[in-house]
């Protein structure tokens, strides 16, 4: 009898199960609550202009989080991305300053290649030499940051040295929406396809969730790791160019400490540091939550001295709420299966 | 493919292996010791001010304050966790101490006790959050508290500095006992205490057991949660002790002190042979690593090397020291 | 035995590495180990990779060389007091004669600088003062009172003496900025500025992304905002970028203190009608001349003494709280007329 009833309500229940299956439900819920709270305090929060600003300022974080997600899925971590952003941004800016007529798209490519080479070095150290990711990337973070200071000799590249075309890379807009947002959306789609529908994408999950069985089933672990870190490096290099173009200035300490923000976005979004799990939607939500915090805290008109405290508190609250909701979801899952 | 072999290797507790002279000799720590000797030779070669007792002695005061945290950090890393909130804990305990002394007018002794309590409570909160919410990794919890603790420090002191401590408080950071810096003595004492704790007690053995296999150790009756909370509390406590020394060295404090300390500390522990994959690490190695990085920085400072070059050198040292033995064993296999 | 050979090989390798890497800086250290050599003048700036500081160091270096002294330029890689304490300790060990420091914290360097002074090293602070107990004298780039007041005068002129203004500062811990903002607030108390309202002091922490977010928030929270004062190089450039992107030139005026190179685009486009700064090269030179006079015992930093700054003129030592200082002129005004000459200089 029960099964019949269940069948009758099937479409409705399916929707509901799908909803409950979404493991980052708590996070979504939290973000909505947060938005309502901020909107009450400052009505200019949910306006078209502010939402576009928020999206533009969060795009770079989203792109980097995608890369960090696949690194974390393979049980790795990359602490060097802030330094790679600075290095590729500085070199590209110097290239633009020396040849103002250069095609901006070529600059994007140039930065991405620099980043990919940095990433490949990391990948080789981890996959071939067998260093632990945290140590290899911590060391290379120092090296890349030092190199940036060396090539720049302490100088900055300023906006008057950059061509209009280069600044328009991240400043211009298409259909009224900033290029950065388009780029971020593009990468989200690519990653969605890559992770879910390609063999390599699935191999990344396999390597992360169980390295031994992945190796036994013939997956070339070293190659996957090398690929993952190269992608991360390439994305960082790309973001370095975008960063410099967005702020129209390149300095040696660009994006210092940004790696922690990116890692936070991923882990908030449910990517496990122990590897194997992580969904694009969750990471997107994590990055959006951090983007909202950065955008909303100045709007709240609280004392600037409270901003840090509130930010830390909200991040902790978000992960805890998410954890509790997840437990509920898992429990209903189990009950349903048992029933 | 080379990783396959490593992952299948059965893990053995170092403390359980029988004693052998060969093992004693071929240890990571000897390599570190060689590097340290090389650093000292290098220092004395490039700078005439380096290799004499007062210089080497005062050099330790430059880098030892943050190094105190490296001991509990090593234990945390052995347990496969990490704590990136220690820098903020230093700032918060220092700010609490200073504001209790200046604003609340309490005696300095009580303020120091409050500083230690603050640090321990910060560590306790970290530990409790980590064991209560097992699905959250230590990275995200301590990342949250890293921002939170510093945020509280900002709320307390805003844009002010707090200082004007009694004369004797300067002794912590600048004082000597029988011609030896007080800081060095404390460091040595803590090294011995933590060495015994980690390598000679059941508590230490349990820490290694958790790092080797948390699930198995839980089933074999190790109270994983309790040990984790205690170790995180120790990290907080040591951060507070660092806060006392650092504040004493600066004579005043601000909410923005000790930024990015955590990464320096993790680098010291990693160079010292503590593996973030868990289960490996010795206090001796960590102590030598502290002196390697410290004296290298001091020596390069004495020849006025730009600080960005120092960044590169430490990075390269970290990679080389970890990579060379691995490359060696890779070559041998071929 | 094979294993042992490997270890020995490694040791040799490490030694070789050590030996290789010392080539370049060696001349620096070896030429200065005697006390009868030229006097050693050290300059410690806030952090590396800051063009403002690089120019100041350039000025300091050229002036000291001209006077026949030996120069040591140092800065920590992060702008922290802890890093500067380490450097000061290393300078004491090297027995330098004079230390000039742009302090990251006015009070936190006191114990380290006191130790230096106890060993006979003369100490002066430049740009960002350290407290009176830890220095002989302070070389002030410009009168802080004038810096604060001049910006309110400028803003008032830009917006016609009426409307809301906001300040975008560096970090909340930046003592220079805090002092200038205090003077701005004092200037605003004047009767002639009664229609100008300072609505908020925001902190961009000298980070590009945070400065941008803060500027955007200012524009949204205060739709009637007429002007932004940003007395910090990163903040003013970030605000200039935001105003340019939003097409607000002419509606929201921008002024403050910025590097001509960073601000050239925005001054030419009219987003910032004009702004101020002093010449960091001259500040560095002034620090060098003062350091030289201190090192030669020609002055001791007492009130009323005259300091000969060579081509920068002669200035008198004046009071500054409990300590003493010399002050260079008013901040220099950069506008459309002169920005092109300066943007390649610093």
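We call the chains A, B and C, going by the order they appear; numbering starts again at 1 in every chain.
Here is the rule we use: a residue touches a chain if its C-beta (ideal position, glycine included) is under 8 Å from a C-beta of that chain, and two chains touch if they have at least 3 such contacts.
Treat the numbers as computed from the prediction; the structure is a model and nothing was measured.
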item	value
Chain pair showing more contacts of the two, A-B and A-C	A-B
Centroid comparison with chain A (C-alpha atoms), farthest chain	C
Inter-centroid spacing, chain C versus chain B (mean Cα positions, whole Å)	33
Whole-Å gap separating chain A and chain B, where each centre is the average of the chain's CA atoms	29
Centre distance in Å when chain A and chain C are each reduced to the mean of their C-alpha atoms	35
Multi-partner residues of chain C (each touching 2 or more other chains)	48-49, 77, 172
Per-residue multi-chain contacts in chain A, two or more chains	145, 149, 252, 305
Residue list for chain B, restricted to those that touch at least two other chains	154, 158-159, 260, 306, 308, 310-311
Residue ranges of chain B in contact with chain C within the complex	25-26, 30-31, 34-35, 38-39, 41-42, 45-49, 55, 58-59, 61-63, 154, 158-159, 161, 163, 170, 173-174, 246, 248-260, 297-298, 301-308, 310-311, 313, 320, 324, 328
Chain A residues within the chain B interface of the complex	79, 125, 128-132, 134-136, 138-143, 145-147, 149-150, 211-212, 215, 220-222, 252, 257, 260, 263-264, 267-268, 272-274, 303, 305-313, 315-316, 319-320, 323, 326-327
Of all residues in chain A, those that touch chain C in their complex	42, 44, 47, 49-50, 53, 57, 145, 148-149, 152-156, 158-161, 171, 243, 247-249, 251-254, 294-295, 298-299, 301, 304-305
For the chain B and chain A complex, residues of the former touching the latter	1-4, 6-8, 82, 84, 129, 133, 135-137, 139-141, 143-152, 154-155, 158-159, 260, 263, 266-267, 270, 275-277, 306, 308-312, 314-316, 318-319, 322-323, 326-327, 330
Chain C residues within the chain B interface of the complex	3-4, 6-7, 10-11, 13-15, 17-19, 21-22, 25-26, 28-30, 33, 48-49, 72-78, 80-83, 85-87, 89-90, 93-95, 105-112, 115, 171-173, 178
